[in-house]
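These notes are about the structure you will find just below.
All chains are identified by letter, namely A, B, C and D, in their written order; residue positions are counted from 1 within each chain.
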């Protein structure tokens, strides 16, 4: 019944991307271009990437482009870009997530903006997706930071349990360019076929997720997956081009693209 | 006329100290003891000292001890403890001050506390005291951070001009253990006699500042100095002892000691 | 036969400790005291602790006290003191170990000293002890650094295989205050009884290791363990006291204590 | 007399460039291209740029391209890229210069290479050029590091006095793209005309320096300037192109381009 009602409604989804990953004299990505097609920006906060001046510039750009601003907290690992698994305790993760949320919130507020969401970066995201204690630490920081921030987490992961347990709004995330396992987890990158390189294939998969709430997993069977937000990569010219194509195909298929806050609210 | 009225009122002043300067496995100072006699804590935010876990612990301790919490932003110079002059631009100082304010505010908020003030640390404080562009950068960050935070600045310095120009509440600070020049600036530490080691002498000087609004400067003449807050050092056992003595002598002389927010409000 | 010859010889062993772990304004441990009873110093090189000025001071102190100087490379994790497991690749570990060796060697050379050994710190040590690829990365850096440096590694661990494979001199290490498993590995700290707090018990265990080449493992059976060097902790006043006691008991039992270079050479 | 002899000899000079300035996930410059036309590489050592893995890669590339390897020590200011003046003490500068020399030397040695020179980076270079205590600190680190490393310093600056006083070989450096003051110092970048943008003009100036030992300074008069090495920038595609042109024009004018070690030796 609910399904039928939904199918009458226009399909909607948020597109998010990691932004503000430059640092000091180093430039990474092309934030201006990426902000043309995403609706939510995950802004690095100086731990794995970014610095206060880059954050300020990124927030100003997001305001100008009308993109919703979120926090992208990472491990304190600048040289490893936050991609290396680190055994930080849940207490440490709670404290540094709260810290990173606050740092960006002050900068956003100075530019007349409220924060929308919090999405962990790299190894922190991957570790927390399968470690409930870490996911709860992040969810608790989101909760205690106040202002009703949305926690972004991999669909079917520990993030979902943590959001429910802690009591924070959740946006379930899917990846356009990744193969899924039958249990709903991501196929490890080390396996052949884990990454989908053809933007057309990726776009069609996203379309099915958004419109039908399913995706074909490894083995050929469909599994349920109805994400609120899709992660698009924008750190290389090719990635930007693919992401743009995905957006265009979604729009051509009558999918409404809007910030995750509105997606969640519409779902009710 | 105003002076007469004031002299009828009880003398009042805030006592502040730099706290939360531990880092990772490194412990510095004895925050628990120092919080017994100060009314305002300047909490390091990870740039010159402190880390998210230390900040969280420090805020919890301040809540427990009833000490007002403020931000202690410093240069990004951990190995130099923020004591080395760095030529950061006003734009960089603005951005990293805003960042540091936000980082502590989220942690304070998670513990049910509002921030009271912002006091720059070490070289940043000294540079801004005589560099209006830097002082304005800090004042602007305080302003744009919102919530009516108080800017703490050296009395008779560029901080005062910046606070007025930018439009933020100001708490004028004096140092119990420092000699003053006839123009109201601090005698450079490199000169003999710049630091007052006898806590009794220091306490008497503070008493005159607070009660009479004057202090004897280098050369023997009195200059006007009516601070809202006095900086006490607590990074060595001796410093803690001296600070405690100063507080006791002030109380014995009927000076009311309270957070700078109340001192300023009382002044009107 | 060899055993009999050995038993005629005087028992000998090196005592090593982690030193130079202060950082900037932060002081950790009491290097001066610890250097009174150890024969080899593992000097931190700025990644998990230490900074160039601290390293210089530590090397000068070691020269004065006649303690052999070695490198104590750690993960790039200052706030975690190198104690948090990090998934650095073998290539990264190779590069940063070489870097840290070089940094200390230049400082030692400027003070007329050659380096003696390399002992990984904290999580890096623990990870490499059971991960041959990491142990080989460290051994290769030791090899490629030249000057015939000794690799220090946990007895019965991946370090031993790596040293043999890569072709570097090895000093096998044992811990005075740790319980051993029947397979020769350390009992995990999380298990009750893993840490031996009584210095007398610890000293007696070391004595048996050094004189008889055995230690009683968990379960009550003796296992073979004949270390070249014993790790003593000196980061707390209590630890210093215990370490001193162990040294005294060893000397009273006619064990010759000397830098690991001599221990290894004597063994032939 | 000496001048006549020199004029009979082929003019010779070294071309140096800052390389290995990438960091972690961040790429800066195009080292492969720049190494096609320079003879000496100044390799960043992790303080203002670079990391152990980048250093290793850069040294391997220099070995392959036949470029001499030198150390490029900078202030501990990664976010500021070492370009911000910092008040480090001569003792701190001595220690961190020694540290950085050692770190690169171990990596070079592992690749069969000796280091050739040490050239301070950015703000450290500029500060030391006019601060004899800092220049001496750097020169002393170069001396104490051993192996007869060459100190690179701005011609007519405190580096020259320091090299003489401390007793280290000196390579005097000139800048192809900078205007000089009548006293031989560089015109501050803030003044109009301080930077020469036309590669042809720059090349002609370098040619006169190298062949005639003079350059036209601000005001139109020639001043003596006979550099051993010329700094070429390679951090932008345009800079690379200009640098390549300068090399081509020098070669077309029969200037021999070779590492500074050989230039100095030839001079005697």
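Keep this in mind: a residue touches a chain if its C-beta (ideal position, glycine included) is under 8 Å from a C-beta of that chain, and two chains touch if they have at least 3 such contacts.
Being a predicted model, the structure only gives us computed values, none of them experimental.
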| item | value |
| --- | --- |
| For subunit C and subunit D, chains touching each | A, B |
| Same-site or different-site touching of subunit A by its copy subunit B, using the half cut | same |
| Rounded Å distance between subunit B and subunit C, as computed from the means of their C-alpha atoms | 45 |
| Centroid distance [mean C-alpha coordinates] between subunit B and subunit A, Å | 40 |
| Shared-contact residues (touching 2 or more other chains) in subunit C | 51, 79-80, 92 |
| Touch-based graph of the chains, sorted into line, ring, star, complete or other | complete |
| Parts of subunit A lying in touch with subunit B, wherever the complex brings them together | 46, 51-53, 55-56, 91-92, 94-96, 98-107, 109-110, 141, 144-146 |
| Subunit C residues touching subunit B - in the complex, by the definition given at the top | 23-26, 28, 49, 51, 78-81, 83 |
| Subunit D residues touching subunit B - in the complex, by the definition given at the top | 76-77, 79-80, 84-88, 92, 123 |
